[in-house]
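Handing you a structure now.
Per-chain residue numbering starts at 1, and chain names A, B, C, D and E are given in the order in which the chains are listed.
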Amino acid sequence: MIVLQILASGILLGGIYALISVGLNLIFGVIKIVNMAHGEFLMIGMYAAYFIYTATQINVGLISIIIFPLMMVLGYIIYRLVIKPLLGTAETETNTILATSGLTFVLQNLALMLWTADYRAIKTPTSSQSFSLGKIMLSVDRTYAFLICLVLVIVLYYILMRTRFGAKVRAVSQDKNAAILMGINVNFIYALTFCVGIALVGVAGAIITPIFSVYPSVGVFFGTASFIVVVLGGLGSFTGALLGGLIIGLVETAAGVLASAELAQVFSLLLFLLVLFVKPQGLLGKNARV
Amino acid sequence: MKKITSILLSVALVLSLAACGGDSKDSSGDAASSGAEAETSGEINVYVGVEEPLTGANASLGTAEYNAIELCVEMLNEKGGVLGQYPITYETVDTQSDAATGASEVERLITTKGVPVVIGSYGSGIAAAVSEVCERYDTLLWEQSGAADTLLQNGYEWTFRTESMASLWGATSVDYIVDQADYVKEVLGKDIPELKVAIIHEDGSYGTAVGQGNHAAAEKIGMDIVAYEAYSSSTLDLSSVIMKLIAAEPDILLLTGYVNDGSLFLKQSQELGFKVPILITHSGGHSVQAFVDAIGDQVNYLLTVDPVACNPKLDSFDPELQETFKEFEKRWTEKYGVKPAHHVEMRAFAQSYLFFTEVAPKAIEEGGAFTAETCRDAILSLELDASKNLMGSDVKYSTPDEPFIDPTLGGTHVGQNIYAGAFINQYFDGELYCVWPEKYGQKEGVLFLPSSSTLSAGVVD
Amino acid sequence: MSEAILQVKGVSKSFGGLKATNDVSFDLYEHEILGIIGPNGAGKSTLFNLITNFYQIDEGDILYKGESIVGLTPDVVCRKGLTRTFQVAKPFSGLTVFDNILVGCLPGSATVAEARDKVDGILEIVKLNDLAHEPGGKLTTLQRKRLELGKALATNPDVLMLDEVMTGLKPHEMEEMMGLVLKLKETKTIMVVEHVMKVVMGISDRIIVLDHGVKIAEGTPTEVTNNPKVIEAYLGRSAKKHA
Amino acid sequence: MLKIENLNVAYGDTQVLWDLSLHVKENEIVTLLGPNGAGKTTLLHTICGLVSPLSGSIIFQGKNLLDIKPYHRPENGVVLVPEGRKLFPKMTVQENLSIAAGKAGVDKDTQDWVFELMPRLAERRKQLCGTLSGGEQQMCAIGRGIMAKPKLLMLDEPSLGLAPLIVEQVFDILTKLKQTGITIFFVEQFVEQSLGISERGYLLEDGRIVLEEDSETMLGNDYVKQVYLGI
Amino acid sequence: MKKQVDAKNKKFILTLVIISVALLACTVIPFSIYVKHIIIQTVFYAFMATAWNMMCGYTGRLSLGHSAYIAVGAYTSLILYRNHNLTPWVGMLLGGILAMALMFLIAFPCFRFGLKGPYFTLSSIAVMEIVRYLLTSMRSLTSGSLGMSLPYHKTNLFHFQFDHKEPYLVVFLIFWLAAVILVWRMERTRYYLEAIREDDDAASALGISVTKNLIKVALMSAFMVALGGTFYVQYYRYIDPITICGPHMATNLALITIIGGSGTLLGPTIGAALVIPISEILRTSLGDKLSGLHLFIYGIVLIVMIIHMPKGVISIPDVIRRKRESKKAHIETTASESGGASNE
């Protein structure tokens, strides 16, 4: 019984982890940069959802549809100002990590100046609601999040694997120069990927706002978690986030019950290191040592 | 070319900032020297430093405290300041929610601005670092919210704390249950030692201290501790903890968390169907508005322990304090559009008010100046009745010669208000009201979660 | 001819099902120049990578001075006296030419000063004195090839494995380089991978020919050039028509 | 058709091509010879825009290519089959072909023709390119080039690493391509064979064109013989 | 050549002497305590960044998790001091050894399996997080998030505590000097590391053991930042897991080094001399005006620096010289006929 509940809770937690990591993974997969400010974009998405919800009381699912284009615009601004100047330089990898680390300062404190440090939370009609599946209890909000994550991954997968546009994106991610030779506008694909990646984080922020309250430094917690998820599942593997999320969710829930809740994250971190050493490309990822 | 211009621009930016930094330093030098001048010329200058975390993880509550102090000074200055004739001035620094930054900023306050008194710090960690700096510079630290037990255990002579320490908050929840022993017996059919208690706390400095208090007090009284568990407040999921609780079937749950994990706990408890007859939370995240926003109606009848009585019965306070209390509420509401949260803003206001209306006048009257020494002397000789303290407890501070031995954990504390107490507050219609001790209780406490609550074990109607 | 300094015995290596090297065996004798030829993709560079342990072999054995060197790391192999150059020259682009060579000298020198003293001599040999203070990344291909050779020489190897150091050189430069290699032969044992036939033919004592990972011929330059299998592999069928 | 004049190209501080001028006429096969490192690949990359020149002009069918964005050049008819194939290894043969087809989408006739030309590809169309053999990959790369409906098809060492039999097939394909009106400009190591199918040849050394001759003449040139056929 | 080397060495020694003398002069000049505090912090961070640079700058392996080793050093010496009254001078050595042990545990697999780029960075962050969780949960030893403070003593060399700033400045200066000289004297290793950073295959082909050298400097770096951990405790007198083992500290070391110039001898020092005062000035001038503004500007300055000056401030003279040279060279080459190359 408890095993089933651990499984269920773990999978739902995994859904949240996966949800907040999809965008990060997309960006890494295509542009090959690690966005250290990922958690901060999530925070901005959460604020956006908070303000829209308090003003309109509409469903967060709908809110995320509004947030998507807004976050794309923000993504584009950041892309132009911070990311693009660093692409194609000698140390793109290192410099983007550092520049996006700097970006965490900027975004966190921008949020602080604009919206103060107060915690903000919304309560939706579904919050704290759950339904039972046999003897297992499932949270409505988390199930929502899980389903939306699933939908996002499927849609993303469909777009990438089945559409012409997706093929272009994959082409760019596999060989940038060959893509240019095929008449693909790589810069455009990069910019768009970054924007969509950021927009996906924004959507994730909107979806989890009924579950977590938002404040300027909330992103810090999510940032590290999503890196672990993404590396575990495979940096750049478009379905890797889901797998990584589920693994981390299950490991943390099980470790929390069987060992201690406080050290649950240590287990997932150790697993993460183990995977790095044994199969650094992640469980579904591409070769990391090249 | 573009590159060069942007380099030049950034260099210019840096230089201009450096320049304005230089300016401020000059002016600070002036301030320090003018402070010194004032002292020698015998003029009394009520000048203090305020240090709060205005950015970083604790920025929310740090800013709230800062606003309360600001309003306190504003209200007093309108009446002419301390003793009606010495206006209060202050310098503010941002500790960035970081102990090292806090220490260096306070050192700067002391050494360049020459403040004799520092008021702050919100976080216990920052308070610990700051108290050490104050000790080195013989500067007074009027600590308003660093509740960790360890803060005053170093024997430092310059740090004073008016409110109770965190372990006492933890002990108070047990005391409250013991106080209601008969009622508990009646409902649950168990004597106190038969009660199964679960203690869950976040593993930050605050939760840990309260949890220790819970544990020590429950153990002393012989309760059956069925769970004693910490979790990280950054967690996204508490289902594992709740599953353990469901298995342990406690009669009492003592819970300490911050906003996010606190509300997460309640939401997930409900989702997973956890039920418990008695639930007592401990201040921190459980008393702030975002917590109420997050869990909505479910907040009602939730008990929480705070170092201050929320919406207290005002009768027992001096009439003047009653007025001040109402005035503060009114002005805060006007200024910020919401009622002040008692456990944060009122608590900060109450302690600053105590300092400027009891300590500072005494220092000036008895010592003839407003310096760290005169203030310290004033504090050490201070003895107040609870009616003079908006925090709701008598006031007398322990000294190095007569340290305060903490009844819960047995620690030795210097500079602690030995009468400081903690209060049981309860949510009614989304607002906290003091329910225990009865002296301040505006409403009758509801010990068992009523059946309307989703976590109710259904032991009472 | 003295005894074999390096013996390659039945070495095979596959990459994802593709046999890059298939049961290749040969011996290398002291103070000889052994040429390895074969069309692009025949597995010449792979062979170098296997001998120097950049890749681990799947099957077979490699003996250096009678001792198996399989499973060692490349740096150990180098310190034992087997040094290779890379086909695509790998200068340390942030370091100056001088420092590039110096790095090669360091492992075999007791002090940095001692190593520094050796550098000029090597710069002389590879004719890079004038560029000593240019960063390695700024060199032309030709200069890079020379630097690559210089770095290898810096480790003072017994066996020097040159991977296409002449490709890309103009005829007179090639002659010069050939002269240099021949001179080095006095003190060293040399393996060259080249696909400029003239070079290999001109300097090699013996030649082995690889095609698709298999050794298809071995012998003196004349023997090899007359081998029909070689002609077909190396020049394709149309060449046969011409011939 | 293609006219390059006074082209200078540098990577950072290192100049690779020096005042290079050459031309390719309509429906011609032109071979570019030269030792490794002479700048052949750089020249091809400059023509398709992966590298920008310091100075000079590249005129293609009267248009200045340098004014056209690199990713617009394929639709203008300038297509390169790069050295080492550069296929997208995690995409299927079909996807690799489709992606080259540009905005117009996959042209059924062209695709059928590609499959007719290279039947192996038709068999492998659902297979990931990373798992193809070297020869199949080269076929796929050429097929991908054709799918873009080039007017000028450039190939960078199409025979690299291929078995002689396959090399021959590749050259056959090039001849067939020419028959359909595609102009071909390519870099090769197999001097005899490549000059065998081409009309003219250029010899590039150290970033400069040192020789321009008819293929026949070039084959007979002593210098070329000495350096490149040096048996 | 030898002469050039000697001249370079002389210049370097002279620079060190000038900096040291200037800093020692600071102990005599009656600066305000706050200014001295900034100077001390600058020297402290110069030391730490030098240690970070030794591993990460020279090898190009970006660690954002060095806090773990700082924390191990700090906690070890503080716990030994509090519980066993062991002088921090000895405690810090033990802390350093413990930090080295931890580093070995991580570095060995990391370098053995050739972890690079973002994977290395993320693994370093993971290690830091693990150490922090452990420090937080080992409450009986570390008092968890409550943090630990240093028992206060008046000036006492045995306890490594001073009432005045100057002794700290002198101690940190000595260690900074030792660190810089150590890195300087490790000339051979520096060459190896630079070669490894540029191309580890090419380096190993020249007989350089990549794994061994990387692990060696990783251990040295861990040892040094662990000493820094003890300094931190002795100077700030309070530590808790999040301040000493959080991302902030580690990221700062990286940013300081890169802004100064990573992989250079004095880059970290220059970086510290810029970043620490600037962030202090920003905080003091803007910190009480609009909360967040100073860190907002700090972040922007960092981003601008990384975009426009990725090689750090130390490269400015180089950049200027190269600009001038290339202008000259261009004029020459267009005139001449020789040379020519390709980059295929």
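Keep in mind that, in the parts below, contacts are C-beta pairs under 8 Å (C-beta built on N, C-alpha and C of every residue); 3 or more make two chains touch, one makes a residue touch a chain.
Predicted model only: the values in this text are computed from it and were never measured.
**Student:** Using the stated contact rule, I'd like to know whether B-E or C-D comes out ahead in C-beta pair count.
**Tutor:** Pair with the higher count of C-beta contacts: B-E.
**Student:** Let me spell it out: compute each chain's centre from its C-alpha atoms, then which one is farthest from chain E's centre?
**Tutor:** D
**Student:** Farthest from chain C in C-alpha centre terms, which chain would that be?
**Tutor:** Ranked by distance of C-alpha centres from chain C, the top chain is B.
**Student:** Provide the C-alpha centroid distance between chain A and chain C, rounded to the nearest whole angstrom.
**Tutor:** 49
**Student:** Based only on mean CA positions, could you tell me how far chain B sits from chain D in angstrom?
**Tutor:** Spacing between the chain centres: roughly 75 Å.
**Student:** Distance from the CA centroid of chain B to that of chain C, rounded to the nearest Å?
**Tutor:** For chain B versus chain C, the centre distance works out to 74 Å.
**Student:** Could you put a whole-Å number on the gap between the CA centroids of chain C and chain E?
**Tutor:** Here the centre of chain E sits 41 Å away from the centre of chain C.
**Student:** Of all residues in chain D, which are in touch with two or more distinct other chains?
**Tutor:** Each of 13-14, 36-38, 206 in chain D touches at least two other chains.
**Student:** Listing for chain E: what residues touch at least two other chains?
**Tutor:** Those would be 133, 136-137, 291-292, 295, 339-344.
**Student:** At least two other chains touched by the same residue of chain B: list those residues.
**Tutor:** 54-55, 57, 59, 63, 203, 230, 232
**Student:** Please name which positions on chain E make contact with chain B in the complex.
**Tutor:** Those in contact with chain B are residues 32-34, 37, 41, 133, 136-137, 139, 143-147, 149-152, 163, 232, 236-240, 242-243, 248, 277-278, 280-285, 287-288, 291-292, 294-295, 297, 301, 304-305, 308-309.
**Student:** Would you pull the chain C residues touching chain D in the complex into a rising list?
**Tutor:** That would be residues 16, 18, 39-41, 137-142, 164, 167-171, 195-199, 201, 212, 225, 232-233, 235-239, 242 of chain C.
**Student:** Using the touch definition from the top, list the residues of chain D that touch chain C in their complex.
**Tutor:** Checking each residue of chain D against chain C gives 12-14, 35-38, 131, 133-134, 157, 159-165, 167-168, 189-190, 192-193, 196, 205-206, 226-227, 229-231.
**Student:** Please output the residues of chain E touching chain C within their complex, sorted ascending.
**Tutor:** 1-2, 5, 187-188, 191-192, 194-195, 197-199, 201-211, 339-344
**Student:** Where on chain B is chain A touching in the complex?
**Tutor:** That would be residues 54-57, 59-60, 62-63, 203, 229-232, 234-241, 243-244, 247, 259-260, 263-264, 266-268, 270-273, 285, 288-291, 293-296, 298, 454 of chain B.
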